[in-house]
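Structures follow.
What follows is chain A paired twice: with chain B in the first complex and chain C in the second.
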Partner chain A sequence: MRVVRLLVWAGGGALCAGMALALQPVDQPAIVKHRAIIGLTLLFVGLTIGVIVWDRRPDNRIGILLTAWPLVSIVPDLRWIFWNHALPVTLGFATIELFAPVFVHLILAYPTGRLQTRLDRLFVAFAYAFAAAYGLLFLLFFDTRYPDGRYWLECGDCALPITHIAWYDVHRISHVFDWLALPLALTFLALLARKLVHASPGGRRIVLPLSAAAFLVAGQFVAQIVLYGSSGVNTMTNTKWFWITSVAGLLVPVVLGVGLLRARSGRSAVADLVVELERTPPGRVREALARTLGDPSLELALWLPERSSYVDSHGRPLEFPSSSAERAVTVLGPPEAPVAALLHDPVLLERRGLLEAAGAAARLALENERLQAELRAQLAELRASRTRIVQAGDEERKRLERNLHDGAQQRLLSLGLALQIARSQLGADANGTSELLGEAEDELRAALDELRELARGIHPAILSDQGLGAALRSLGERSSVPVTIVVDADERLAESVEAAAYFLVSESLANCVKYAQASKVRVSITRQDGNLVVEVDDNGIGGATLEHGSGLRGLTDRVQALDGRFEIESTPGDGTHIHAEIPCGS
Partner chain B sequence: MWDDEVVPTTALIVDDHPSFRRFARKLLESAGYVVVGDAEDGASALTAVRALRPDVVLLDVVLPDMTGFDVARELAEQEERPLVVLTSSRTAADLGTLVHTEDATGFISKRDLTVAALAALVSEAA
Partner chain C sequence: MRVVIADDSVLLREGVARVLADEDLEVVAKAASPDELLGLVEAEAPDVAVVDIRMPPTHTDEGLVAAETIRRRWPSVGVLVLSQYTETEYALRLLEGGEERCGYLLKDRVLDAGQLADAVRRVGDGGVVVDPDLVTRLVGRPRSTSPLDELTAREREVLALMAEGLTDRGIGQRLFVTPKTVETHIRHIFFKLRLPETAVDNKRVHAVLTYLRT
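Here is the complex of A and B:
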């Protein structure tokens, strides 16, 4: 492919040189020849930049378009210089207005090489069709005679295109075409403005210089038509317009070439980023990168090698989309061990240098961020597993309680009935055996009570059957300290929440009896802002702490496993006040 | 407890534990009840009551298919409602307010189930 580009470049150069040489014997004023040579030189400069861009970015159509533009601007001039040769004249007419559609195609497709919107594609297609129709008009019906029938060239036929079929005065029609060029140029300017408005800030920064040059080119074209009529001004004789046109035309390849070079550097923005990252707290690297690259919509995905998956900065798993027309994906770090991936505006791919440099600069911060994300993910997992452990514990307690109830307890109850029957059947006089049986029954009752107490401590059946309110009231009734129970949330809640609240109250009441020497206790259960609020206040001696095996420590864990909060206030002499908040959904 | 002229009191025992049914039957029989049958769940209890028309139903609160309270409610809607004595291996405190139902004559925890306690409830209701 490089050979092709070299041939195009050399061919274009030869064409420019050949035309400059061929110009010398032509009967034209010196100033015209002089300016024609300047024009050819500038076009060759444009062609050279175009070939360089094409060489640097062979996969991007921009290089080809930028190479084609000067070429299709030169070729039409063949028909002036070699006016008595059919082939150059044919070529000249065939490409007569082709520079215009190639130009709008180039500008609107910059920088990706692809036309982004349907409207752009339609417009460019129409521009090509328009130029082809214009050229066809001359190819088929070019008239070399004056209106009075005289030829304006010495030989009438020799300046005709190969394809010529009839003589018509096509200049009138071509005037109409010239006037149509005005609305087309204005449409192009509108499309360009639209492209700028819709670009991301970073994308706009990239397309703005070339767009400005394009505005100048199209703007001077419009100005010429407005000021001088449909065929414009003759730049060969008008000095001011000659320079305006030449400079505007040269600006396009120059700006584009500079843009290409800048895409390789972007060093100052990266330097700013390095300084900024120093001050960037973990979790904010995305914002810093978005600012540097000028794409606020930039998304960051961190790669966790252990999980072989991407997560966001909170450690939440992320489904990473593949590249599309609207979003591009750039993976930072080596492909076999990526650090992170950026999802961004595809225009930024044109500044791959900046993208890669920024990615490299942010590598350390991203590593840090990744560790943080990993930590967060582990924390979330730990939390979930803690909750699961508490829930599994509750399930196990329930199962134990059921087993005790259905097994040993039932057998002991049956045994009690058997003893009772035995005693009644024995009659009154049985050498004291009846009393012995009575004692056995009493003993059995005591065993049953202990067993029931044990089962209840493991998991109260009333809690599963009737909910927190009923379970707490039952608890209060059995307590040896007078308890006031206010339950403001009598609807059923999640099992784990009910169990945590129940055991919190039951442990607190047990402490009141065992340590606090309280004479009254108040228990209150309310719902506030999605939390179940449990409060236990006694008037005992206070001084309770979480440290000294009061059983409250385990309850703290239980409450925290549900993402709840637990506080104990127990000043000596001022009673104990327990306050817990457990998230309970609504 | 009752005169010889009176037809013996018939009873139905509803409980899902076979050992309890067996000993409860012996206990009630020792006290002069005629145990006309037993049932191991709520549905068969309802069928048995319709078929056997017992005077007293000793009804466990916890049954595999429905609660004893539900059975008591259905029995209370019948024309000839038997005396229903609820019982449970749990205590009244464990069962909360549920035991104070209008649908039953009373509640005796299995721990405290004696002939005397049962007779007291039955005579109170009669």
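Here is the complex of A and C:
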């Protein structure tokens, strides 16, 4: 294929050179000849860039289109320079307006080489058909003489196209075609604007420079028609327009070439990435990759083989992303053992080489990141399992409390009732048995009392029934130290949160009684920034630590299991101050 | 006095029925669930319904909810709630439906036939009953500084009996003083505790319990 590209390039070059040479003996002003040579040179530069692009991206049609555009701009001029030879004249007429559809095709298909929308395809097909019709008109009917033998073009030895069949005043019709070119150019500009609007952010960044150049080319074309009529201006004689046309025409391949160079400089970006990753702290690999690939929206999904699932850098599970029009997915590493997946702007798919190189460069860092993510996922799981254990414990406490009330307590009460009946049936005189039964009943009452308090300590029914405020007030009623309870948040909360807050206060009060020698305690429950804030302050001797008694230790675990914070401040002589924050939603 | 009993435990239902019957109260029907209870109250129009606080389906406060329903729909029917919990919150909830024909008693009282029957009668006669254990705890709980300290011993006794739901007359009988004297004590108590005078006749049990628990 490279041979073909070389041949095309060499052929194009030879054509340009040949045309420049052939122009020299022609009787034309020197300025026209100079400008023709400049024009041919610029076209050759465009052709060269086109061939390079074609060579770098053989799978992308853009290269071919960019190569074809200067060629189809040169070939029509054959009919002027070799006017007395039928073959160049025929070739010239055949390609007479082909540069326009090729240009439109090139711009609208950039950067993928494929026309993205139906409307684009329709328009480009129409443009080709339009140019073909235009060329066909000349191929079939062009003649330098009128049917009566007079010349309308003073050219005795002008050759006719090989395909000539009859005379027809083609120029009258060609004027109509020229005027039709104006709405077509405007339609093209509209389609280009539409393409820019609908592009993804990354895509727009890539398309924008070329679109600007294309706007210039099409814009100056429209301006020429509007200012000078359908056949435009003769750029050979008009200096200003000569330069405008030339520069606009050259911009397109140059911008495209620069885009290619940037894509090539992706290699050096990857080299920079390798260096940067050395200094990148764990968890920042995404940012480094996003910079290298020029896609700020880039997301990283790390593959955890043990779980056979993707997670983000925080270890949170991710749905396996599937490609869509807005997001593309590139899996890094071998498909059977992926390292990670990148979610990115689909436009990056056009630079798959860069994507893969960056992925390969980041491989080690990603492995590292993956281990970190795995660790985080394990931590999250650990926390979840701790929460589950606490919840299961709470459930078990509730079940026990229910069983004590509905089982043991009911049975003891029934037993008591039976004793009563026995005593009443025994009558007055029973050798002291009646007294004995009375004592048994007293014991039973004491047992019932103890059972009730035991059940209450395991899990107060009022907590799940009436909520934290009621349960704390009830706790305050029972405390042997005077307690002030301020509940600022009396709405119902998650069961685990209520239980944690309740047992925290309950254990703290118990400590006040057991160790702190406090004469008063203040309990306050407030809500702050989505947290339930539990504070217990006493005026006791202080000096409490988490190690001191397992009660507080267990509470720390309970609070932390809910992702909360627990602090204890207990300077000797300055009371004990417990502060806990438990996330409880908004 | 005609009584309906609701308890999901058949042993206790029968036991309580027997105790009350022995105390010359007429047990006209027994229910095992809140729905059954409401049906029986509708059909039998009893003087008092004795309701266990824990009943199916969730065994939490169904009994209390049924009690509230009865008080709303059949105001002439007294409701005595038997509870496993000495929780002021529940007693207050019951009292919020009006300070008459209701009672909150610890379930253990079924072992004290006289006390249980007395409570049923008081409720049936339009009075209020609050379990003495609950009141004792509230009166006796430690306070850092409290107007309660300013009360005389006798006033404290009157306060506790008032909290148990006794009328001036009932308090007088217990303490062997005239209702007139009781009235004077009560006025002193309300003044010392800075309770609103309006609560003396209306909702005084609720007012006193609320005061005692805070």
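Everything that follows uses one rule, which is that the second predicted complex is superposed on the first by the 313 of 586 C-alpha atoms of A that agree within 3 Å, B and C clash if a C-alpha of one lies under 4 Å from a C-alpha of the other, contacts with A are read in each partner's own complex, and residues count from 1 in each chain.
Convention: a residue touches a chain if its C-beta (ideal position, glycine included) is under 8 Å from a C-beta of that chain, and two chains touch if they have at least 3 such contacts.
In this text, all values refer to a predicted model and were calculated from it rather than measured experimentally.
**Student:** For A:519 in the superposed arrangement: first (chain B), second (chain C), both or neither?
**Tutor:** Second partner only, chain C.
**Student:** Figure out whether A:445 sits in contact with chain B (first) or chain C (second), or with both, or with neither.
**Tutor:** Both partners, chain B and chain C.
**Student:** Determine, under the contact definition given at the top, whether A:352 touches first (chain B), second (chain C), both, or neither.
**Tutor:** Neither partner.
**Student:** Check whether A:553 is in contact with chain B, with chain C, with both or with neither, and answer first, second, both or neither.
**Tutor:** A:553: touches no partner chain.
**Student:** Regarding the shared-chain residue A:466, is it in contact with chain B (first), chain C (second), both, or neither?
**Tutor:** Both partners.
**Student:** Please tell me which partner, chain B or chain C, touches more residues of chain A.
**Tutor:** The partner with more contacted residues on chain A is C.
**Student:** Which holds for A:425: it touches chain B only (first), chain C only (second), both, or neither?
**Tutor:** A:425 contacts chain B only, not chain C.
**Student:** In the superposed arrangement, which partner chain does A:85 touch: chain B (first), chain C (second), both, or neither?
**Tutor:** neither
**Student:** Hey, what residues of chain A end up touching chain B and chain C alike?
**Tutor:** Shared contact residues on chain A (touching chain B in one complex, chain C in the other): 405-406, 409-410, 413-414, 416-418, 420-421, 424, 445, 448-449, 452, 456, 461-462, 466, 470, 473-474, 477-478.
**Student:** Using the touch definition from the top, list the residues of chain A that touch chain B in their complex.
**Tutor:** 405-406, 409-411, 413-414, 416-418, 420-421, 424-425, 445, 448-449, 452, 456, 460-462, 466, 470-471, 473-474, 477-478
**Student:** Which stretch or stretches of chain B touch chain A in the complex?
**Tutor:** Listed in rising order, the residues are 17, 19-20, 22-24, 26-27, 30-31, 89-91, 93-98, 110-111, 113-115.
**Student:** Which residues of chain C touch chain A once you look at their complex with the stated criterion?
**Tutor:** 9, 11-12, 15-16, 18-19, 22, 54, 59-61, 84-90, 107-108, 110-111, 113, 137-138, 141-144, 213-214
**Student:** Using the touch rule from the top, collect the residues of chain A that touch chain C in their complex.
**Tutor:** Touch residues, chain A against chain C: 402, 405-406, 409-410, 413-414, 416-418, 420-421, 424, 441, 444-445, 448-449, 452, 455-456, 461-462, 464-466, 470, 473-474, 476-482, 519-520.
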